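In what follows, chain A forms one complex with chain B and a second complex with chain C.
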Partner chain A sequence: MTTSISTRRLSRLAYSGLWSLPLPLWLAGFFLGPMILLIWLSFWDVRNFLLTPDFQLENWQKMLSANYFWAAYLRTTLIAISAAILASLVALPCALAISFFLGLKARMVVLGLFVVPFFTSYLVRIYSWQIYLTENGIIMKTLAAVGIDSGSLLNTPLALMVGLVTLTLPLVIVIQSISMLSLDKTLIDAAYNLGCGPRRVLFATVLPAVRPGIVLGALFAFIFSFGDFVTATYLGGGKFTTLSILIADTVKSGQQWPRAAVVSLVMIATLLVSALGAISYAYRRA
Partner chain B sequence: MNTLTDITAARPVAPNPGDHHMSHAHISLKNIHKTYGDSVAVDRLDLDIEEGKFIAIMGPSGCGKSTLLRMLAGLEDVTSGDILREGQRINDLAIWERDMPMVWQSLALFPFLTVRENVEFGLRMNGVASAERRTRALDWLSKLGLEGYANRGVDQLSGGQRQRVALARCLVTEPSVLLLDEPLSALDAHLSVQMQGELKRLQRELGITFVYVTHSHSEAFSMADTVVIMNQGRIEQAGSPEDIYLRPATPFVARFLGGSSIFDCKARRRKSGELVLEGADGTFDCAASELVELDEGEKVSLIVRADQISVTAAAGWAENEVSARVMGEEFVGALVNLRLETASGTQITVQLQQRDMQALDIEVGAGITASWHPEDGHIIKT
Partner chain C sequence: MANTTLTRRALLKSGAIAAGTLAMPSIVRAQTATEMTMLAWYGQAEPDAVAEFEELHNVKITPKYYVGGEQMLALLAQSPPGTYDLIHADAEYVQQLVFAKFVEELDPNDYAFDDFFPEFHRFPGHWSGDQLYAVISRFGFLGISHNLDAVSVKEAMSYDMLWDEKHKDKVGHFDWHLPNLGVLSLKEGNSQPFNISEAAWGQLMNGTLSLKPQVRGFYDYGGVLSSLKSGEVTVMPGIGEWITGVLRRDGANVTTTIPEQGGIQFTESFSIGRGSQRADLAKKFIQHVSSPKGQFNLANLNVFPAIVPSKPAWEQMISERPEDARHLGMFKGEGNAIDLIRKERIHIRELPVQQELEDWNDFWSAYKSA
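Moving on to the complex of A and B:
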């Protein structure tokens, strides 16, 4: 009897242990390890194009005092914030329609369609946009035909926004929709019941109630845009040096992996702070 | 517990201009009908709700009581019929134009607003200036004993406190009618009883009309001036709690309220000329006043309340006797509910004092005689 109980307890322990093992393994192997490596790397030296383990602050001093670094930092932040706002604004009416105007079946279909973009490579989608946005693309040709001649749309801030919204919009719509669908509809009835007309209900009730979803959607858009390399390269033409492009350039020119690590760590710190800030704002009361 | 004594001072009860009648129908439902596809939720229902009265609408789930309340609030369209307030038809008024605030079963407090902002919501929607809004909200919060909680989030309150916030949010706009949709069902029994007392006092002091939907007997009977019992979209009976308790109008009401035994009988005239009731369980005498409108051969239900039936081990002692078998017993404090069943399958409920029960020495499965005084039977024509 006692043996059977202890073996049962043992097997239960083994079972739960087996299932919970991957988490710490993953965290250690793919997050903590690389993170420590990255931090360590940022203090290394490069001699004659060779990485040399060292502990010197020169990489940090050099990058953090460089104007081009801060310019890229500011540019990247502004681009990412703009993309997050734009994606959120475009997503909002879509999510509202999905959550409040579509029937159950139509809703499933539409939400399903917003997942389809994830099936095609982001790179392919950005290349497609290139074709549309070039001087000989269909958009410029049409505009030229009606007498508006503005050259190529490529390598403009607009092209950057198009690319980043292409990347982030489906996700933002899905996040916003989920938060609207989980909204207790009684709250809307209660608002009506207290004299809140249909024109005010959106701003007085629906949007405040789904604020966590809107903020989290924007946060994800910001995170993806902040670290994006593809759009900045292929639609911005490298004209807008973002932090990702800066990392690539730093690595390519003179094997400056340690300096790239510095940029990388600053990016990680920025995203961490923005994520914490956004989440605490999302769940704060008005 | 905070008292509500200063409420009448804060909000004088509005007189009813031009009201010369003793009873004034504040809200009238005229031939209200509501269908969902083929199913009828509310079936050609008429109901007058008097000004300043506490009316409780109760019935089993699916009886249409919630639909009725939702139609009053404007949350559901009326398929046909009229809803009148002070004689004015309000069918076509939108929800936000009705001024009939509701206390929701889920309370539906706004989680993104503080307690004070929740209470201010209705005033804000009515365009009341921010300073006045604040004063009135804080005023109501203190009336309901929530002074220190104005800047808290609603999720930081206890169940009873949230209940009060929901009440304050409705009452701050000084409505003439308050709708309540099973508001106490989420509270534990003790808190619920306490809130019942407070709600009743609040209603009396404010003098406004409360329309209260519930499935709980104790809530309806302890608070309401008028109880309406609904079944399958119709009103089975509307009246004072006492009236319904003593004189259930239909077998459904008697069954729904529980605690009564129902004997299906037929009226028969004895050779001596008086009417008696004859059924599968025996022949019963009844008070002359109950028999007045009965004709020979008419089918009736004879209702006897549990506290009016006594049990004896042997037969032959009383006028209306039924032999039955003991099916079970439930102890409710100092009382015992004894469940009996006759040979024909009629269920009988008897309420006894604990000590009488012990004296009888009753065993489950044993035979027993139940009896009652002819004056205590209540007849319903079926």
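Moving on to the complex of A and C:
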């Protein structure tokens, strides 16, 4: 009898172990492994354009003392925060409408439509925005027809935001909607029964209850925007040097992979701290 | 009645015969065509560039394209000798190839240098002492590329026009420090734009930074083409006919002007890779592209047009493609490409001499962020 129980326990352990195995394996193979390689690489040297294994701190000293690195860091952070706030603000009414005003069928269709943009290449979507935003593009020509001449919108902070919101908005809407759909609707009824108006219901009941969804949506928007290269290059015209552009520049000239590794590690550290901070805030008890 | 049942063995046999018959032409081709590898900038091993040679010598050229001389050096450093039979490189990187022993010595008697203008008989950078390592294939000039609707040739005769208020937000940059800082160094009056003192380097940095308010953006190859074509940008320093020639084929009203302060010359060349097992074939390829016919073809490559050093190819360009020849500077008389070189208005693009390459690169990053 004891043998049978322990065999069953062992088999259950093996079963759960089998299911749990892919996660640590994936993390080890695709996160920890490359991370260790990246850290190691950041101490290498480049001699005659050739990567040479070494252990020297010069790459770290060079990058962390460069003004242009910190300028790019600050700019990237501000752009990513702005994109995250903008995407969250635009997504909020959409998610509220999807969750509270649409019927089940319409809700599924609309949520499905927000997934459709992911079927096409992000690069292609950004290139197509160039056609709209350029001086001879549709938007400028329409504005010019009604007497407004504002030049090109390309290579401006506005174009940057358009690109980053294009990238992140569908995802933020889906995350916020899922969060709102899982909200216990009796809370809203209770708030109304207690005499709250619609505005108070929204700000005192709905938004605090869906805080994890809003924060996680904003976090994803921040993460994607922070590491984005395509928008900064093709809609920003390379004029707003972000950390991703800096990595490309560092590698392109002089084959300085170790210095690019330093920039990458700073980016990863920033994203890890941001993610941990955001998650702890999202699930903190009010 | 005959037994018509198809057995499994018969089916397999018929299938094998059919598959063999269908695959035969490619098997025969694969057996007979020699494969030759080429490390090159994009476009140099496309059909318009190599098909004739491939057919003539029953060879298949397999390219490995790179972007930038430093990537080329890194690729060579990571590959065993003999990986690449042909290496296509800019002149400033040939010395690095020689220094790292990535290329074979060449015999000048094997190539038709007599067909070339005298300036290219002993092109600096391709020789180390008395030893030849590379044969020039094409070259071009970098100055000011501009939209003729917005900037006239007369106006583009000075780099000072880049600072003109009317071109504010209309100046673009190809995102590579070397050609940009090269032409701006000429604007600062440096007779050797890449060999400048620390004081001159400081002056060049300040001068370049003062241009930033005029700048619309920094572009890669595709971005340069689309921004100049769409009118987003009307003027770009540090590029040349390798961009405007392509745009003109597409109907754009653009050209490249070499200002009075001078221009920069880029140069393409072919070398034979160290340890190549097909060095004889690689030599034949270089001989082919150095011939008048090969040179005429190189001047008109789809990837972009360029000037060639061969005198007979110039004659052919002037008679068969006069408009392209005119834009490229391949015409007779004053102001042609050779005349500009002889008047010392053209300076060969080099790596910085008195500063480290990374100093120039770091400044370029700072300039973009300014």
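Simple rule for what comes next: the second predicted complex is superposed on the first by the 262 of 286 C-alpha atoms of A that agree within 3 Å, B and C clash if a C-alpha of one lies under 4 Å from a C-alpha of the other, contacts with A are read in each partner's own complex, and residues count from 1 in each chain.
As a convention for this text, contacts are C-beta pairs under 8 Å (C-beta built on N, C-alpha and C of every residue); 3 or more make two chains touch, one makes a residue touch a chain.
For clarity, every value in this text was computed on a predicted model and none was experimentally measured.
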item	value
Superposed partners chain B and chain C on chain A - clash or fit	fit
Chain B versus chain C as contact partner of A:Gly197, first or second or both or neither	first
Partner chain in contact with A:Ser88 - chain B first, chain C second, else both or neither	neither
Touching partner for A:Asn67 - first (chain B), second (chain C), both, neither	second
Which superposed partner A:Leu50 touches (first chain B, second chain C, both, neither)	second
Partner chain in contact with A:Thr166 - chain B first, chain C second, else both or neither	neither
Comparing the two partners chain B and chain C, which touches a greater set of residues in chain A	C
Included angle at chain A between vectors to chain C and chain B, based on C-alpha centres and rounded to the nearest 10 degrees	160
Partner chain in contact with A:Thr134 - chain B first, chain C second, else both or neither	second
Closest Cα approach, chain C to chain B, once both complexes are overlaid on chain A (Å)	43
Overlap of the chain B and chain C footprints on chain A, listed as residue numbers	none
Of all residues in chain A, those that touch chain B in their complex	184, 186-187, 189-198, 200, 204-205, 208-209, 211, 285-286
Partner chain C, residues of chain A touching it in the complex	48-51, 66-68, 71-72, 75, 130, 134-136, 151-152, 154-155, 233-234, 236-239, 241, 245-246, 249-250, 252-256
Residue numbers on chain C that touch chain A, as the complex places them	67-68, 70-71, 73-74, 77, 96, 99-100, 169, 175-177, 215-220, 223, 226-227, 230-232, 357-358, 361-362, 364-366, 368-369
Contacting residues of chain B [partner chain A, same complex]	73-75, 94-102, 104, 106, 108, 110-114, 117, 121-122, 124-126, 153, 169-170, 173
